[in-house]
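In the two complexes that follow, chain A is the common piece, with chain B as its partner first and chain C second.
Then we have the complex of A and B:
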């Protein structure tokens, strides 16, 4: 495998040719996917008119469709998908277990349950801020509970997965209970949101998820280095000078924040966080955590699911149904390959 | 490269003024859930020599090695590296002087030998400086010394047991430490590969003066490759010294409960155990 070495006074990196090619291909796919998603829809917008509309031209309807509907929706989908992918890849790498992603171990369920509580208690006064706060609280409480219960002489990934699964089901039941306390209209909206949907996203959602990503990205760049070494056995990683406990705490906190950002902007879309990492890693095949790859795959998955949801208008299916359709088979593939290798 | 301090210029600052022992345990005790594993161990890992720790199963050999590498929480006592408590030193700084290879480690999927060996450079790298010239040189050298150069681009999963173990040793070598701790490096290897691996370890010690401490199961191999031996029994040091001082009829009976004769190995003149 060929590599390129980059050496400057303050920075030195070793990049694989394959990794760079995959990154370029994924970037192109995202760009193409986003352009396609802008074009698709019940109201046709020809590619040439976008530039005019973005520049302030076009009819009012075209302005509204592009700037108030499609663009924020697509940007939110990409951002939320990237957050899900990053969060999943971080947990999976840190815990050395492909099943340990925030949607499997109940963190997403915790975030959505928290958001639900915030929406119901705040009533009509609910803003983006309250929902985010509720979701963060829900996710962190779930994490403390699940990690606390799974703790036995350190964090055991298998215990965490099983306890997290149980916790996720309990939280889903709690969400259902909360829904039954609300009026039918709110409950119907909330049910869709709980499956995961990007209906009626506005620029507030775009700002939330992308500002979050921008703020966290320096930490992510820094974390990639130790994270790539956490795949080694614990004793070796410590022996190499990594301080495991503070690292794990940081990664867990960051992973929860990322998952919460995604849940707040797109709902707890199932299987995106779970599937993005393994797909990216199987493309890259270099034993790295593939954070960048996972974020790109996550973004593509959510964009594809949301575009599919928009296209099949007659059914009014939320995007979560489509991510589940993609993610389910990935889970089966992972389970089968892991079982074959005797790793489960 | 005759002296270990030549390997990395940064190391000289840590060299003690006198010829003290760089790694030692003082009144070290370890307990799991109140059950004592090691009790009140005081011992030195002599500089520039090969120390082999032996003892029956569950006598605390691995725990001792992990304690020496600050991977184990101690219930009493301390481990001193260069005269200072190892737990009070920066983890990265310790990792630049001391490397440990746990028993039968597993790597993440898809790693090549070169990737794995590069991981050994971690304590010399940072998020920004991930691949300095020194890193590239150390990895090349580690691959060469373990004869893994031709296999560098191979996937780890595609290697034989002996090759894989050499790759792990190469990773520990790339760390460029003065002290190398190995926990049963010969596990799952057949006899020729065990000899090959231990000969490699011996040559590392002889060529660059690297201090080696390892746990071995086989007393005869231990006696043949060690300059210094430590025999543990039920969490305590039962005997220590040169192989001929440790591998005696009485000690084997006391430590392993093994009735045996000791003869002199006709080839290497080291003590050889013949069980009765």
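Then we have the complex of A and C:
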């Protein structure tokens, strides 16, 4: 495979032909997708007027549609998707298990359960802020509890997975219990939240998710190196000089924060965190954790799902339905093509 | 995965009496639970009357009808369903060597759910008795698809896992979008999906009994082979195991057991994924013992969940699928936290 080395005064980078091509293609697809999503919708907004509207021109209704509805929604979708993809890829690499995405090992269940408790206790006074607070609190308590219970002479991978699994199941059952004990209207609200939707996002959500991403990205860049080595067998990794427990704790904390950011801004969209990592890895094929690739795939998936949900207005389907409808075939297609080439 | 292997390195001789003791305890516990399960409920019935309903059944006595037509089928369904789910969970975890593998991963539950939804949506059938065979057919079709997509007999664990997860997510999303479109389907479906043991008729159990029996026989045979399989596929092949045949055999066993359970009681989570881990704590690493203990523990847990859910405290109608995670989740975490020396 072709490689180039980029040498700058203080840093050198190795670029592979395949990696660069994939990165370019993904970036183009995200840009095109975002522009298309801005254009599509029941109210026609011609591309030429966007600049004028952004500069303060256009009619009031055009201002409102572009600035208060479409733009925040698209930005939230991209940010939440990136967070889901990153968090999933991190957990899958650290725990060396393709099934270990945050929704499988129970961290999303904590956020969902917290949000449900908030919806019930606040009753009719429930606003986006209360639900958000509930989800944050739920996720935080679950994370502390799971990591605390799994900690014994350091943090072992399978202990963390299994304890997370048990806790996640119990919390999901608790959510079901709450759901069956409330009146029909609250239950309908809660079901919608549990599927995950990007309806009525505002700039508050955009700031939350993007500020989180911006704050965490330096840590992610730093973590990329040890994370790639955590895929090795445990003895080998510690033989290379990695301090496993502190590293695992950092990655777990970061992964949970990312997953929580995503759940708080877009609801627990299924399948994104699970699928983004494997799709990115099978595109790049360099044996790395592919964090950047996973975040791009995640962003693309959520954007596509939300746009699809927006286009089929008559049915009022939430975006959470489309993530698997779009992501599933992509993954199956990759599996089939790789079967033909004899890879994997 | 280390969970499976660490116990193997311990000296065998010490644990064998333990294992027999645990087996005895489990059998006694199951017998006690079965008796209690007949006795307790919204209407407590005395031992004499339970005995009379077996030896001198009279259709005029209300209590006899409750015992013979409601509690006995439930008890049998809990036995069969719990044992089948936990056994197939153990098989798939041994086959894929992944502690997070769940029998639902082969697409059985998702396929069965889609089958039921299509049946309601297209044919307008709303009789739960008809769902048994539709769910069975759906599970069969989707498992064969997952198996082929996972590379068939030549496939790898990773492929099987990814194919199963992608296809399950796709089927669930398809089903969910159909439900969101059609309110009528939702009204029928939402009772099926809760996964409970109430309303199961003796007839259904007898009709499914051959499938359970066939699955159990296949499971027994594959448990012998999987002992080599958990060492890794290459080692297993080196030991003379035909891995392709074992894979097919185990998948067939899981298919029979799970398809029969899901068509009888709807999708029940938790048992297949977590009970094998609990069982391993008592049984050691030998797959034959693991499978036996899984079956007993699964049956016991589902029975206990059904029993507790029926008590007046929970309103007498809490679904077994929900209760099993509420009871089992904390129990599992406690089991993991317990000092390992005390148990092993």
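Everything that follows uses one rule, which is that the second predicted complex is superposed on the first by the 260 of 344 C-alpha atoms of A that agree within 3 Å, B and C clash if a C-alpha of one lies under 4 Å from a C-alpha of the other, contacts with A are read in each partner's own complex, and residues count from 1 in each chain.
Basically, contacts are C-beta pairs under 8 Å (C-beta built on N, C-alpha and C of every residue); 3 or more make two chains touch, one makes a residue touch a chain.
The structure presented is a predicted model; accordingly, all values stated were derived computationally and were not measured.
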{"item": "First, second, both or neither for A:43, with chain B first and chain C second", "value": "neither"}
{"item": "Chain B versus chain C as contact partner of A:4, first or second or both or neither", "value": "neither"}
{"item": "A:271 touches, of chain B and chain C: first, second, both or neither?", "value": "second"}
{"item": "Partner contacting more residues of chain A (chain B vs chain C)", "value": "C"}
{"item": "Partner chain in contact with A:231 - chain B first, chain C second, else both or neither", "value": "first"}
{"item": "Chain A to chain B touching residues, read off their complex", "value": "1, 5-7, 10-14, 96, 221-226, 229, 231-233, 235-236, 238-243, 281, 284-287"}
{"item": "Residue numbers on chain C that touch chain A, as the complex places them", "value": "1-3, 98-101, 105, 149-151, 156, 158-159, 161-163, 165-167, 169-170, 172-174, 176-177, 180-181, 269-270, 273-274, 277, 318-319, 322-326, 328-330, 332-333, 336-337"}
{"item": "Complex interface listing, chain B residues touching chain A", "value": "66, 69-71, 90-96, 98-102, 105-112, 115, 118-120, 122-123, 125-133, 135-136, 153, 175"}
{"item": "Touching residues (chain side chain A, partner chain C) in the complex", "value": "97-100, 104-105, 149, 158-159, 161-163, 165-174, 176-177, 180, 195, 270-271, 274-275, 278, 315-318, 321-325, 327-329, 331-332, 335-336, 339, 344"}
